[in-house]
Amino acid sequence: MMETPRLLINLKTYAQSSGERAVEIARQAERAWKETGVLIAVAPSLVDLRTVALGVEIPVYSQHVDPLDPGAHTGHVPAELVKEAGATGSLINHSERQVGLHHIGEAISKLRKLGLSSIVCAPTPGESAAVAALSPDAVAIEPPELIGTGIPVSKAKPGIVQDSLKAVVDVNPDVDLLCGAGITSGEDVAAAIRLGSYGVLVASAVAKSPRPYEKIRELTAPFVDLTRA
Amino acid sequence: MMETPRLLINLKTYAQSSGERAVEIARQAERAWKETGVLIAVAPSLVDLRTVALGVEIPVYSQHVDPLDPGAHTGHVPAELVKEAGATGSLINHSERQVGLHHIGEAISKLRKLGLSSIVCAPTPGESAAVAALSPDAVAIEPPELIGTGIPVSKAKPGIVQDSLKAVVDVNPDVDLLCGAGITSGEDVAAAIRLGSYGVLVASAVAKSPRPYEKIRELTAPFVDLTRA
Amino acid sequence: MMETPRLLINLKTYAQSSGERAVEIARQAERAWKETGVLIAVAPSLVDLRTVALGVEIPVYSQHVDPLDPGAHTGHVPAELVKEAGATGSLINHSERQVGLHHIGEAISKLRKLGLSSIVCAPTPGESAAVAALSPDAVAIEPPELIGTGIPVSKAKPGIVQDSLKAVVDVNPDVDLLCGAGITSGEDVAAAIRLGSYGVLVASAVAKSPRPYEKIRELTAPFVDLTRA
Amino acid sequence: MMETPRLLINLKTYAQSSGERAVEIARQAERAWKETGVLIAVAPSLVDLRTVALGVEIPVYSQHVDPLDPGAHTGHVPAELVKEAGATGSLINHSERQVGLHHIGEAISKLRKLGLSSIVCAPTPGESAAVAALSPDAVAIEPPELIGTGIPVSKAKPGIVQDSLKAVVDVNPDVDLLCGAGITSGEDVAAAIRLGSYGVLVASAVAKSPRPYEKIRELTAPFVDLTRA
């Protein structure tokens, strides 16, 4: 089974993190991983997926996947193509790309069969538990109202993280919990860890940073301490 | 809390079960309920909801609900309007009207706050468990490939019913399990009950029947026996 | 062919214009029509459609329609059911309920076959022309950024109305142009007429008014003058 | 302005035309273009877009584009990223990836601003005319019921091609008409040309062919004759 990353960097479709810049940020994440031993992954845009996957050794996730077999589907993203492009797994149901419950269930199954990892986003403890029942590799709890705000869920709504963790564990203790939305500093990451998060999901904090490498190092530092402890 | 119906008749948008015919079938369901004591509900089309709710005493469900507050929403179905129209609750995520995971979670919450019942459809044991984590009043397991076939899930795929029941109970024992798809006879209903279903969800078997009352009586009979046992 | 209304009141799903209140506003519109001779129509929520249609003689429009034949469709709104409920026609593609191009084309055809009227919303001159090519009865031009603002398109963006009118006429001169978004006063209506609108589409100005009848009279006044001129 | 291709090969997401195979087929198309002078383009899957664009000189189209600016959009395909990946333009509204009318209008505008070409699919003459009003570079008429059947629209429904051509020309004579669905042989292409098509859109005939180069040569032959005539 694929190991869940401690830090998953969603590059979204920012100009600052697309094309050549996507590969560059991924290389800096790879360097940070080699230096710290903390597993870091990136999720580039769909059109950057293959180039990034070719360029680095760290895990690369698709931002979206369609639970369709390869075939007569125009403009879609079957899991087989995600794998063929060199990805390690896929995000599913990000709040900016929500899908139906059945889509989530089928996508998790498809990815699992192909040996790929699934990380499903959910905005509430209840929906995190619902997703956990479908046995993805990880659930990423992201209250949409905090995405992109710089207000970390681990501070603004610590109860959501704790409740989600409890809800997920109750339903399926094998599912890792990532904490997302608003995480911009090492301090935010440390708070998320204290609340029980396995890892964190970040986007703009790294993708739009003038110095991505330094930011990645800052965000991974609390995991290094964790490992040493 | 609203009692979950043993027999829920989805009238869909068949010509044979719309308009005046919707009210008529609902009245026959009401008669069967009065005679047998088995709780029967109907889910008429959105435009028939109010008329049917006005015409009968049995529970009436909306076929769909949007988790939106009343307001500037054109062509939508807020739960408050469903309630105002006289409905008892709503189906959510029918395979013919699938919605996102967040939609399901929000709709259940909305209905609960308004004192309305929620019955969420799901096609697999895993998705039934996922839905159960969101605490609806009931889950209706309906493998889409059997809908409208006349091949009852309780016979074609008894394992799905049993697995769903187990999965739902594990996650949330307070959620009732309905068994849908392909149920057309009293025998099918009896099989569903033996597998652990609380009730059944039917559509064409009643909606397209030349003699709906007789069909309803046939489908409720196994529940009468159950009550007597 | 159905005559296009000069004033179409979209009741949306406001608490103030749902249920009994929907019927009441429709009756006040009917009274204004009888007194002025200006054709007024209302578009109540889906669950109020039949009750409103039963209660008044003026045209009643559905807020949405699905281009599906009656049948195994749960939670949908086939045109046949819209007709059976007593409606005169339907809005299509309101900015709050957007649909695919094919949906628009099929819905217009379906409504036409059933003798019902189609009024399709579009936000720009280009899209108004596109819609006109599908030969609906009318196009309602509504820049989404003005909806609900109280800033009338006829004042904020008079060029859009004129360009839309020209674009529609070039493609299909038989299609009426309604002007929507932000219209709240008789003055706004007069401006829309001067720009070449056949009629207007309003919502909150009437639906949320403490005195709907007076507001309706105010909004129809410019059409009375038009008729007399 | 970008020249519209005479032959546009949609590689969809077939296993036979993904990854390395996508590049290979694109190279064979490039070879046929060099040998015949007939402009050929390919539309690879989203994850293959950049690799194919890097590998060939012929035009490469995205299978889908989202009318969003680069930014906080997960799992989407902004036109800027399509351009950055090296594409020449994009298909829009393929019947397997239908989008709203507003999406079509905005996507065409976006592509045009970026100097990219837009080819919009439509299933009927009316919808072809509607699309033409939005001024894309080309409309591809594809009756969905013929897609993948091997029954060419130019034979099964020649009237649709002629009516579409007339409808498109009436609305906007600058828009090229491509004929798609069911085209598998040079004879089908010749029939499409006789009916007035500027070019053709094919998929499985090439993508699933054991000898794509020969098939491409066969399909381009009628255009060579056209040029010579």
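The first chain written gets the first letter, and so on, giving A, B, C and D; residue counts start at 1 in each chain.
By our rule, contacts are C-beta pairs under 8 Å (C-beta built on N, C-alpha and C of every residue); 3 or more make two chains touch, one makes a residue touch a chain.
Everything numeric in this text was worked out from a predicted model, so none of it was measured.
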{"item": "Least hop count linking chain B to chain D through chains in contact", "value": "2"}
{"item": "Chain located farthest away, centre of chain C as origin (C-alpha)", "value": "A"}
{"item": "Interface numbering overlap (same over half, different under half) for chain B and chain C", "value": "same"}
{"item": "Chain pair showing more contacts of the two, C-D and A-D", "value": "A-D"}
{"item": "Intercentroid distance (Cα basis), chain D paired with chain A, Å", "value": "34"}
{"item": "Numbers and ranges of chain B residues touching at least 2 other chains", "value": "95"}
{"item": "Interchain pairs in contact, sorted by label", "value": "A-B, A-D, B-C, C-D"}
{"item": "List of chain A residues in touch with chain B within their complex", "value": "93, 95, 98-102, 104-105, 122-124, 126-127, 129-135, 167, 171"}
{"item": "Contact set on chain B toward chain C in their complex", "value": "10, 12-15, 18-19, 43, 45-51, 62-64, 68, 70-78, 80-82, 84-85, 91, 94-97, 147-148, 203-204"}
